[in-house]
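Below you will find the structure I want to go over with you.
In this document, chain identifiers A, B, C and D correspond to the written order of the chains, with residue numbering beginning at 1 in each.
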Amino acid sequence: MEVAIMMTEQFVSTSITPIDSLNTLSPYEVNKLQDASQGGLYKLFRQCSLAVLNTGSELDSTKQVLDKFSRFDIRISQKHRSVQLELVNAPATAFVNGEIITGIREHLFSVLRDLLYVGTELDVCCPGANESEATTNMVFHILRHADAIRPHVKPDLVVCWGGHSINRVEYDYTKKVGYEMGLRGLNICTGCGPGAMKGPMKGATISHAKQRIKDGRYVGISEPGIIAAESPNPIVNELIIMPDIEKRLEAFVRLGHGIVVFPGGAGTAEEILYILGILLHEKNHNLPFPLVLTGPAGSEAYFETVDKFIRATLGDAAAERYQIVVDDPHEVAEVMRDGLEQVTRYRKATSESFHYNWQLYIPEAFQQPFEPTHENMASLNLVHGLPDFELAANLRQALSGIVAGNVKEPGVRAIEEHGPFEISGETSIMEPMDQLLASFVEQRRMKINYQEYQPCYKIKPAALEEVS
Amino acid sequence: MEVAIMMTEQFVSTSITPIDSLNTLSPYEVNKLQDASQGGLYKLFRQCSLAVLNTGSELDSTKQVLDKFSRFDIRISQKHRSVQLELVNAPATAFVNGEIITGIREHLFSVLRDLLYVGTELDVCCPGANESEATTNMVFHILRHADAIRPHVKPDLVVCWGGHSINRVEYDYTKKVGYEMGLRGLNICTGCGPGAMKGPMKGATISHAKQRIKDGRYVGISEPGIIAAESPNPIVNELIIMPDIEKRLEAFVRLGHGIVVFPGGAGTAEEILYILGILLHEKNHNLPFPLVLTGPAGSEAYFETVDKFIRATLGDAAAERYQIVVDDPHEVAEVMRDGLEQVTRYRKATSESFHYNWQLYIPEAFQQPFEPTHENMASLNLVHGLPDFELAANLRQALSGIVAGNVKEPGVRAIEEHGPFEISGETSIMEPMDQLLASFVEQRRMKINYQEYQPCYKIKPAALEEVS
Amino acid sequence: MEVAIMMTEQFVSTSITPIDSLNTLSPYEVNKLQDASQGGLYKLFRQCSLAVLNTGSELDSTKQVLDKFSRFDIRISQKHRSVQLELVNAPATAFVNGEIITGIREHLFSVLRDLLYVGTELDVCCPGANESEATTNMVFHILRHADAIRPHVKPDLVVCWGGHSINRVEYDYTKKVGYEMGLRGLNICTGCGPGAMKGPMKGATISHAKQRIKDGRYVGISEPGIIAAESPNPIVNELIIMPDIEKRLEAFVRLGHGIVVFPGGAGTAEEILYILGILLHEKNHNLPFPLVLTGPAGSEAYFETVDKFIRATLGDAAAERYQIVVDDPHEVAEVMRDGLEQVTRYRKATSESFHYNWQLYIPEAFQQPFEPTHENMASLNLVHGLPDFELAANLRQALSGIVAGNVKEPGVRAIEEHGPFEISGETSIMEPMDQLLASFVEQRRMKINYQEYQPCYKIKPAALEEVS
Amino acid sequence: MEVAIMMTEQFVSTSITPIDSLNTLSPYEVNKLQDASQGGLYKLFRQCSLAVLNTGSELDSTKQVLDKFSRFDIRISQKHRSVQLELVNAPATAFVNGEIITGIREHLFSVLRDLLYVGTELDVCCPGANESEATTNMVFHILRHADAIRPHVKPDLVVCWGGHSINRVEYDYTKKVGYEMGLRGLNICTGCGPGAMKGPMKGATISHAKQRIKDGRYVGISEPGIIAAESPNPIVNELIIMPDIEKRLEAFVRLGHGIVVFPGGAGTAEEILYILGILLHEKNHNLPFPLVLTGPAGSEAYFETVDKFIRATLGDAAAERYQIVVDDPHEVAEVMRDGLEQVTRYRKATSESFHYNWQLYIPEAFQQPFEPTHENMASLNLVHGLPDFELAANLRQALSGIVAGNVKEPGVRAIEEHGPFEISGETSIMEPMDQLLASFVEQRRMKINYQEYQPCYKIKPAALEEVS
């Protein structure tokens, strides 16, 4: 049901007010949002707002989006009744007969809420916490401030990961999985964007309607660096903008109660490595965490490739942490339901809250931002002999750099300037990685416009002595 | 997203209570529902309940459904908190992990509500009304009792007609049209069942979610004779069971504010003739009533056939009452929106209620049940020279008989016993009708299992002197 | 907090629409409400509407109210959005700054709802029921149509009876009792009007606010003959107009789960005899039904008098059915709460519904309207030797006649024409009755304007041989 | 309706969870609330919680309350579903049949919310703001975090000030004023506690019920130093704990849209001086701010005294800022309604928000905490010749000290140790002040237990040369 809304004009200028009572601002906050200087929030606010308004776009490059709507502007003012936003030259696709789609209106104010909170108010004291714990606490505060932490509900939030440029069969499959999960009362959390981020929400919307679930949750967690390339679709009824990619990932695994991974590209593989690396840490050995990799008939290749890569690099034990289900939405939903039952029992037994997974131990390597410079990419330590979780962390960083080089603005620019990243490591790791990436290219999973794909990396296997 | 729920067992037995406060019954009402004698409601209640539970079935014959679930039973009892239904050997498809789908639970109690109201309570005094007006008033009371009459809302209810066995492309098209209408805040009313009855509701569910419309209306109007073959899908959140097919049709045109017709078969053509015949009556000449016939590219043939037939029989003027839109969901939604604006203005100007179209004049020929016996079919008066609306009424009855002969239990039995219906009339009408029906057979629109289609009719053009 | 709203004008003319979606009417219903002929509802509708608008009035005679507002008129019309009422020369007390008090607006539409239902639609089939059972069924249908029958709630509705012209101390006491009951989550049902009808609702409103109970029920059950003298106060959020006094009483005892009786006059004594007579019937011997008579310190006399009268006429066993609590609101609430627990257990054990007491047997003598003519009053059979419930029924009729002679229009007129009623019976009953009534006069409980009270009855004890 | 709930035990121990979704806490927050050390919140949390639980108490001394419930304890823990509070030896008056009154439960979590926010999270950046503006901004943030800032509503919040130990006639009068204001849709804000803080809310509760206003606001603003002596009554449905008395006062005048002052004592006079001093500042000259002083017949003396004092010290012009209404609740409500209309127009005209009065200029003297030591009291500058607002500020501090000496713990202790405060100033100010205070003593407005009242001050008029 990809519907093209044709409009005679591409741009709309208008002013809008928040639909609910979320937004009353102080003059200082209004100023901060208007402030285009370094310390101000204007640039970030404009960029995220544009992403939100540009929903349904087929551009997957932030740069392209920003270029196309270079004349877009957003101004904020406080009226006697509430805050008001002035939109200038906004994408017409966000409007129907001149009125903004309500879901998009909500998203604009979610952006405002999260940017302001992180930018002006978030300064939480947590005496006795180390840096990692302070980060975890900050993620908690951002989520709670966004009203995403819900007490008095049983574990029911399933995170769906996967590609945003999957094919039609895969997309329909994600809808069916979402449908089956929604039929069982489960809620959906994704990273925003099209494809595997959107399908499960559409499916769950239908089954929630059949189950008369009026408060179904369609949580979208994004961050400023990715949002332009993965605009939230308006079904998302809880949009949260985390400050950076690592906190976004932490939000997924602490807020969500289980994860379903659909086929995707390098980004999806990065996410698999992220959760797997965490679960492999000994402190998490006993923690139940349902993790299903699934796709329709015809897409087995993706998970076979990934599975093979994981077994080759992290070992067979790592593969026990996930379950692969092929072409069976009903089974996926049942596995997930059973897994959430286990999570529920475990949290009860250990007096852990249902709504935020404080227990999950996230090694600092997964929390620290990884800046994908050529230097950092070149110096990744990709050898056997490290603790599992550490190797997983390093592999994730490698993939993270490749995603950046493919679609993120600074990454793309760096590649344009300096040529492909060079990644080196132990042969027994570099070879599987080479195969993994080659397979992604072959499966056309690297970029939406796969015809033009130019690899942004070079794999350099090295003799063991070289790397150690 | 046609999802097959596999279950190890085909049948479920359980007991359920109403989700809301609709149902408190007197002992007399409980008895009436349990009463299997002639005066009782048990047989009707069981049949409609089974239809509701059998949602998603691919059988389009009431007889087949009844045969398959011959061991199904439903018993009702009054407990201290509310009414309770005992289901025995109910179709497993209505359940998820042993729990009935909430939408279906609602439908069961809607069935109960309407059968009881019509069967025990409906006896409305309307002094001064003639029989036709009394019928119109009865339809109003049934709808109001079902809470379908909503004051304080602007005209926004679009009736969607069309086939229940349309192809995938057509089905996807109905979803897109529903999506575009939902995006504009419009609500959907159909006759229940799959295909064109379901698609628009699914589409609107998605766009209502995007517009944060929590109280979107998905009205399904059925009647006992058709419900088994056209089970309501659980998205329908207002199910209404009218006592017979003519009151069901009247409910559509008085409750709905406009009509979109998708491709279908003889039943759909019958519905087109119904509304067209009414609109052609001089008392309705000034009444705005948006009527759009539409389908995707590739399905033009259906409306070309119908349009040709209408022009040949009722004349070109009749064709001015509708608009044909090919492959443009956006345009359909815009046309409908504009049409509803006109309806709104007209009702304001004439002080007519928004919620029930009392003004629409329905000639008695459209209100009286037509019993499709061989005799009645043979004696239909199908000649030119009658008032337009009357010829339309007679043509509708011809098509109604054919639908009965195709899929309705008594009709099918009658055909089995006595062979095809014979329909005769003026050649200039019989020839277009023959072409219309032949074209439906060719387009495989006569029955779900089109391979086996055996025409249930014979067209007999007659010299003018014979018929008059 | 009896607040006098001063207005420069005594009358207001305006038009109002219903606040919710209750009211969409057919043209026939509109006509019926406008129809001032014998078969029409206009007279009744005007009278009840005036009563509802005249809230807070201190007049306790229907005639006085009707005279004062002789120029009042109410017209109804159907607009495109909903029904609209035109009020002409309505009491200004119903308005604040020109806008009608919302509670009163609701009441107007409740009046409309009930009059129409009884007058045009109520014709319920209940095969196999005798006349008494049919009446019980009719009461059920009227209550259910008024949405007063609530499934899925535990017994919690306490009926409060008592005088409408009690003194300040008594009034404050009824507030405290209502407060304590509301604090325990109980809901209140009264007969509308000031005094003991209003106090408990005010008290419960405060405690419901403290308990954050937003859906507290303040049910007022009236009937056309009494409503003008006992206008519902706007706290009543469920107003129900029963067709006559006997159905009103039946509604109290089948809808309510327990009864608290405050001091009152002859009408209150009549109500006590009504419930007591029913409970004394052998079919109700095992039925739990909490019944508390209570008043503040200083008002003991009322219940002492009544208690003495009951023991003298119906025997000590009758007195076991109620409990007298003096000056202890907390205790009243606790007794009632315990009693409702018993009711709950009993209904569970016997599979009786929580929401309507079908089990309670009401002898026909309590269901039949008693017309208080001089002849009927004179021929009441007031002797020992009858079954308890029958003597109670006859005593109730005697008191009913006296109430009519005191405040109801036809009764007052009959007394004006023919002088006081004569009531005769066995001395051992007539003497206690004489004492009871004399005591009411002495306690100034016969009429609001007690100074002018002229007894409307004469008690004639008779030798046993005379009466039998 | 002051209801004494008798319980066999005075103390209750139990555990409770929040009723809504307000409270999910991080482990750091839980620790902070448990931390009894200097930096922790335990002591404050225990004290405020006890105050909230001790509602309806007649003790007006914090010390007495703390002594009586010395064995009270409150512990907090995070369970899997939400936060849980353990109460040990809590006042039994907060419970009904062992269950805590819901309003009180809400209050406990409001306390928790505000203490935590101020104690751990509140660190708002407001670049460019001076100290006074930063304070105003902090007040805004606390109120917004408590969800007290509501956009999209017109000015309707009336602050009611006045004594907590007024007599019955005055108390009933405050109810009537609240009733009349509620009837006009106005909402109530007070400082918590009994008397004039409670009556208007009770009155408005009744009229809101009549107007079917389900979301009526009963805002109670307190602070740790006063809450024990002025427990919020459970009708308060928005309890806010400000960090100190000055921010509490600022919250009143920026959140509220108008003020009604009932009779009170020195504290009430202090509040009058507070708002008057602010309004007298030239920056506020054009700002509409409805201010009504009112009481029942018989209480004229209070406002006469105050009015005389104001005219004597601040001049007749000051008296133009308020209106005195005697014994006319209807008039008070009308004056307030008109005043709010003006406020609305003014804010629209000046683009000021409806929900927070940023425009109101509050001189720093009114924002800075005044510590009522003997030294500070002695050095107050009470002479003519100062700007009006400054003299008002100084006079307010004088009264503030007296209130502290009367009822606040540190003040009372200081008086016990060092004897009465000495207040000196220009005779033409000291004499009116002496009369004012003497009149309060005479009117028994200084303390609940007026019999024992020992003045905590000495007035020392001084020659002009001495003080300047």
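We take it that a contact is a pair of C-beta atoms (placed from the backbone, for glycine too) under 8 Å apart; a residue touches a chain by one contact, two chains touch by 3 or more.
Note that the structure is a prediction, hence the values are computed from the model and not measured.
Q: If you apply the touch rule, which chains end up adjacent to both subunit A and subunit B?
A: Common contact partners of subunit A and subunit B, which must touch each of the two, are absent.
Q: Using C-alpha centroids, which chain lies at the maximum separation from subunit D?
A: The most remote chain is B.
Q: How big is the gap, in whole Å, between where the Cα atoms of subunit A centre and where those of subunit D centre?
A: Roughly 47 Å separates the two chain centres.
Q: Let me have the rounded angstrom distance from the C-alpha centre of subunit B over to the C-alpha centre of subunit D, please.
A: Taking the mean C-alpha position of each chain, the two centres sit 64 Å apart.
Q: Let me know each pair of chains that touch one another.
A: Pairs flagged as touching, ordered by label: A-B, A-D, B-C, C-D.
Q: Per the contact definition, I'd like the list of subunit A residues that touch subunit B in the complex.
A: Counting only subunit A, the residues touching subunit B are 1, 3-6, 19, 96-97, 101-103, 106, 172, 175-176, 179-180, 183-184, 202-203, 205-206, 209-214, 218, 233-235, 237, 329-330, 337.
Q: Applying the document's contact rule, which stretches of subunit C touch subunit B when the two form their complex?
A: The touching residues are 18, 21, 23-24, 26-28, 31-32, 39, 78-83, 120-121, 123-129, 137, 140-141, 144, 149-152, 347-348, 351-356, 358.
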